[in-house]
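After this come two complexes, each holding chain A, first together with chain B and then together with chain C.
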Partner chain A sequence: MKEIKIFHDATKDVSAFADKIKAKQKKIVGTLCSYAPEELIYAAGFHPMRLFSSKSDIILAEQHLQTYCCSLVRGVLEDSLSGRLDFLDGTVFPHTCDSIQRLSDIWRMKGRYEFFADVVLPVKLNTQSAKIYMVDVLTKFKKDLEIAAGREITDTDLRESIKKFNLIRKNLSKIYALQSQKPGIIKGADLYTIVKGSMVMDRDEVADLLPAIAANIEKMDTPEQNGKRIVVSGSICDSPDIYTAIEAAGGVIVGDDLCTGQRWFEGQILEDEEPLTAIATRYMDRIICPAKHSSATARGENMISLAKKNKADGVVFMLLKFCDPHAFDYPYLKEFLEKENIKTLLIEMDDQQQNLGQLSTRFETFIHYI
Partner chain B sequence: MPDKLSDKRKIKCAKKMRDIMTTYYLDAMTAEQNNKQVAWITSGGPVEPLVAMDIIPVYPENHGAMIGASKMGEDLCTKAEDMGYSSDLCSYARTDISCSVVKGGPIGGLPKPDMLICCNNICGTVLKWYEVQARFYKVPLFILDTPICHTRYSPEIAKYVRAQIDEYIVFLEKITKRNFDYEKMAQVGKLAYKSQMLWQKVLNTTARNPSPMSAFDAFFFLALIVTLRGTQIAVDFYKDLLEEMEQRIKDGISMVPNEKYRLLWDNLPIWYRLKWLSNKFSDHNACLVADTYTSAWCSAIKYTDENNFLDSIAEAYTRIYLNIGVDQMADQVLEMIKFYDINGLVMHSNRSCKPYSFGQMDIMKIVREKTNIPVLMIEADMVDPRNFSQSQVETRIDAFMEIIKQRNS
Partner chain C sequence: MIYAGIDIGSSTAKAALIKKNRLLGTHVIPTGYNPLNAGITVFEAVLEKVGVSKIDITAIVSTGYGRASVNFADTAMTEIICHGTGAHFMNPDIRGIIDVGGQDSKAILLDKNGQVENFAMNDKCAAGTGRFIEVMANALEVELDQMGDFSLKADKPSKISSICTVFAESEVISMIAGLQKRENIIAGIHESAAARVAILAFKINIKEPVMMTGGVAKNKGMITALEKRLGFELIVGDFAQENGAIGAAVLASRL
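For the complex of A and B:
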């Protein structure tokens, strides 16, 4: 599909893609977490770009972060220090885990880019005072962006932005739903590329392309092959090869609980409410990330309903090594799922070193066993 | 001769402290029989409202330190790993989680909590850890969310945390089915303030050359300011301790016999090697006179208003050492280097504690740029000995001390 190819090209060489954005006189603001208020960045006239590690060897970041820090955090810092992110005009750090918290400090102290903002959202997402605080933080962030942009962000700007992101989210949800209904209709690697592309590409372009992709897929017939239905869960999964390996082992991805997946795009922002409150409401209601809190069992309940809704045969946990929030949740999520007779597999990954051969064997064994 | 010397150097208050802690743990263990409620609380959490409500506070982190010191860490960590918890997680959390299940450790596990109070001013780990315990014990969990102040304590943060102090009180009223006693709170607040001031003064005595005690003693005497802050017991104890320190200064009694070099320690102690480290440094005539860890329980005291305690603790609990930006942490380290007249900085790169350890390398660089003291970084873990290589650490300490000796000759 030619639309998907555009996503592939954009994600293959992010810096070449960034140059294209720059050519349009747009400033690029990097983000590191699915709680980064992209709608605000876009409304300010900037291009929000989710940062991923280029997975290069860690050399310069060794001087700042010990080896027991997750490869995403070390990798992104390495990219920044080595100049690979020089296309950035700024960065936004929403508060997530302890590692990102300290990355933000180190990043700010390095001061490599013009614009810098911490968006310290609440950790609790289940109280009224947390919501008020969240709106306060968003209001402050809006002001910071206005100063950086040298212009006011009007309600109209914000509403248009919210509409755009809602459209993107709606279509991503639709593509996922189609995949779950007709498993295999879209390759895992394509699915991954579409989501990743939607996080880095020009959102106007994304908003144009996604409906076409969804419409095309809808017209396609259900593929013959009947793989085992797999849901993946974890922080980020930044490797299309892993999806391919799952498919080669006889699985098919029917849903995910990833920061680079459904956790990021599920849930719409109410378009007729006051914009900042509406953005906050979505964050409060959205599928929760393990670094945030709504109840002690929220993620477990969500995992069960996700697995059931997608009739999953198994759940693959893909956790980045040294990622605390996810590692703390894993035992109980596994227990919750197994109580429902849903089998699980744990894969510990490291962005810099992936042993695909070994992974494939583990996928095969698992898929055979379920 | 050496024995007599060490007797003279022994801090007399240590026994009193042990007795107090024993009584405290006995009270906690028998709380149920005595119709008292128990709250588990994070080390950086506001304990004063619990004390005011006559709820017994229990600190899993203090328990973790005991587990580490009694060298039971490895076994309990392994048990947590068998339960599916990654070996890369904080070893306080790992030991506590498995201890709850197997009732192991030096005191056979902690008393069951009636409620959990989690303040994330120290890390995000406690949030996840307390969620685990909330599921295990099926008890209510209160989270005091203190947003990190990377560069400042903003009005938004102030408002949010203050609102939560009230929510905390409502939570306690609901669980105890009693009204909150604001009068008692005011008294407890004053006592907490007093004990923190005294603790600060105790720590300040080590600015004297030679130092009457070392950071290893501070690690030990810390337990009371953590667990019994807000009680008369803590105030009385630290008064005595302060007196003893002042007497030692008068009598010229130092902790390290021939103190020549004064070192600053960063990060949590390595609980299972305290003695060894202490001897190691002392053999080099070096005393760890101060540390960034034990002072965390009084570093935010400047934000506390003893006459308006509840209003002021929002700020005091939010702006503690670990909940600020790395550059501000570096400033505090620099201040300590000056105040304590430090010849070298020893940083414990602690695999367990990411918010404490990430950023350390930047602090190291800043210290090297702004002072001319050497910095040593040793990699270990506070409770899990599997990440500690004694021979390697020994070699590095020897080399580090050589540099210090050369610079100060």
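For the complex of A and C:
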């Protein structure tokens, strides 16, 4: 499909893609997690771009971050220090895990880019005071962006931005729903590329392309295959090879609980409310990541509903090594799923290197017995 | 009808032939550089040993890290499934398996029918694998198959605190320089490796009786260290190293 190829091309060489954005006189603001309020960055006229590691060897970052930090954080710092992110005009660090916060400190002190913002989001998201605080934080962030952009961000700007991101979210949800209904209709590697592309590409282009992809696959027949239905859970999964390995082992991915997946795009922002409050509400109500709290059972219940809704035969946890929030949550999520007789498999991986041989052995065995 | 299983491991390649639920024979060779060649060689060797020819073989299943290279096999299955099947074939009571091979160690939980229910596997790191013991044997100038006997003569096993094979090796070298008894260092090495493997067994709440398989099952020192750490006895059969290949042959008979 030619639309999917555009996503593949853009994600293959992010820096070449960034040059194209810069050619349009647009400033690029990098973001580090799915809690970054991209709607505000877009409304300020900047291009929000989720940062991923280029998976280069860690050399310069070693002086700042030890091996007990995850490979995403170390990899992105390496890219920055070695000049691979020189296309950036600024960066936004949402307050999530410890490593991202420390990365933010190092980043700020290095001061390589013009604009810098820490968006100090609340940690507990299920209280009334958190919501008031969240609106305050977003108001402050909006002001910072206005100063950087040299112009006011009007409610009209915000509403347009909300509409754009809602459209993107709605279509990604639709593509996922279609994949769950007609498993195998879209290859795992394509699914990954579409989501990743939606995080880095020009959002206007993304908003144009996604409805076409959704419409195209909607017309397709369910492919003949009898793969086991797999739901993937974890932080980021920035490797199409892993999706391919699951498929080669006889699985088909029917849903996810990933920062580079449904956690990022699920839910809509109410379009008829005061825009900043509406944005705040969406970030409060979305499925939390383990660095946030909404209730003691929120993630477990969500995992079960995700697995049941997608009729999952098994759940594969794919955690980045040394990602402690996810590692802390894993035993409890596993227990939740086991109570419902849903089998799980844990894979710990490094962003920079994967031992695909060993991974295949695990996937094949797991898919064989679920 | 005769069925064959071929297990291409990181250190050794194993082949087994079965006929009507009876093990006809097995063979083990070093894998070397080329997994396909190792597969061909070990298969031909087992055929010769048993005295049958290729046309007598009804089906072949390959397993091990080099399973995909064995292009003459009917299908490939992971070594976890094969070890489960092999252990059940040798002893239907077995509910748990500890398989320590050259580059991987695994704990496997079986149901009453010998089906894999759960498993845990070491990560990329070589701690708790055969390779760990091999590296240490080199550093200590002891033949690999002598490691077990040496460690059984230890009076006070040395404490090896590094998990990483490379760091542990330099720790062992310091111990050698500190004139610690070789027997004690070797026992310490086994205890260190056993601790890593036991973590895998506890992770899946392994159930007794537990069979130890893989090449490292030939090391008595490792068995002793593991039993001490686990708190129960391990069953070690005569074909522990070939267990994966035997399982593959059993699976071939079900194709």
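Worth a mention:
Note that the second predicted complex is superposed on the first by the 370 of 370 C-alpha atoms of A that agree within 3 Å, B and C clash if a C-alpha of one lies under 4 Å from a C-alpha of the other, contacts with A are read in each partner's own complex, and residues count from 1 in each chain.
As a convention for this text, contacts are C-beta pairs under 8 Å (C-beta built on N, C-alpha and C of every residue); 3 or more make two chains touch, one makes a residue touch a chain.
For clarity, every value in this text was computed on a predicted model and none was experimentally measured.
Once the complexes are laid over each other on chain A, chain B and chain C both fit without any clash.
In the superposition on chain A, the chain among chain B and chain C reaching more residues of chain A is B. In the superposition on chain A, no contact is made by A:Lys26 with either chain B or chain C. Contacts of A:Phe322 after superposition: chain B is touched, whereas chain C is not reached.
When both complexes are overlaid on chain A, the residue A:Lys170 reaches neither chain B nor chain C. Judged by the touch definition given at the top, the superposed model places A:Ile106 against chain B, while chain C stays out of reach. In the superposition on chain A, A:Leu65 makes contact with chain B only, while chain C stays out of contact range. Shortest separation of chain B and chain C in the overlay equals 5 Å (C-alpha atoms, whole Å). Shared contact residues on chain A (touching chain B in one structure, chain C in the other): 321, 348.
Contacts from chain A toward chain B in the complex involve residues 63-66, 68-69, 95, 97-99, 101-106, 108-109, 118, 120, 122-124, 127, 129-130, 132-133, 136-137, 140, 290-291, 293, 296-297, 319, 321-322, 324-325, 327-332, 334, 348.
Interface of chain B with chain A (complex): residues 83-86, 88-90, 93, 120, 123-125, 127-129, 131-132, 134-135, 141, 143, 145, 147-148, 150-151, 154, 156-157, 159-160, 163-164, 167, 325-327, 349, 351, 354-355, 357-362, 365, 379. Residue ranges on chain C touching chain A, taken from their complex, read 65, 77-81, 104, 115-117, 119, 121, 123-124.
Here chain A touches chain C in the complex through residues 321, 348, 355, 357-358, 360-362, 364-365, 368-369, going by the rule given at the top.
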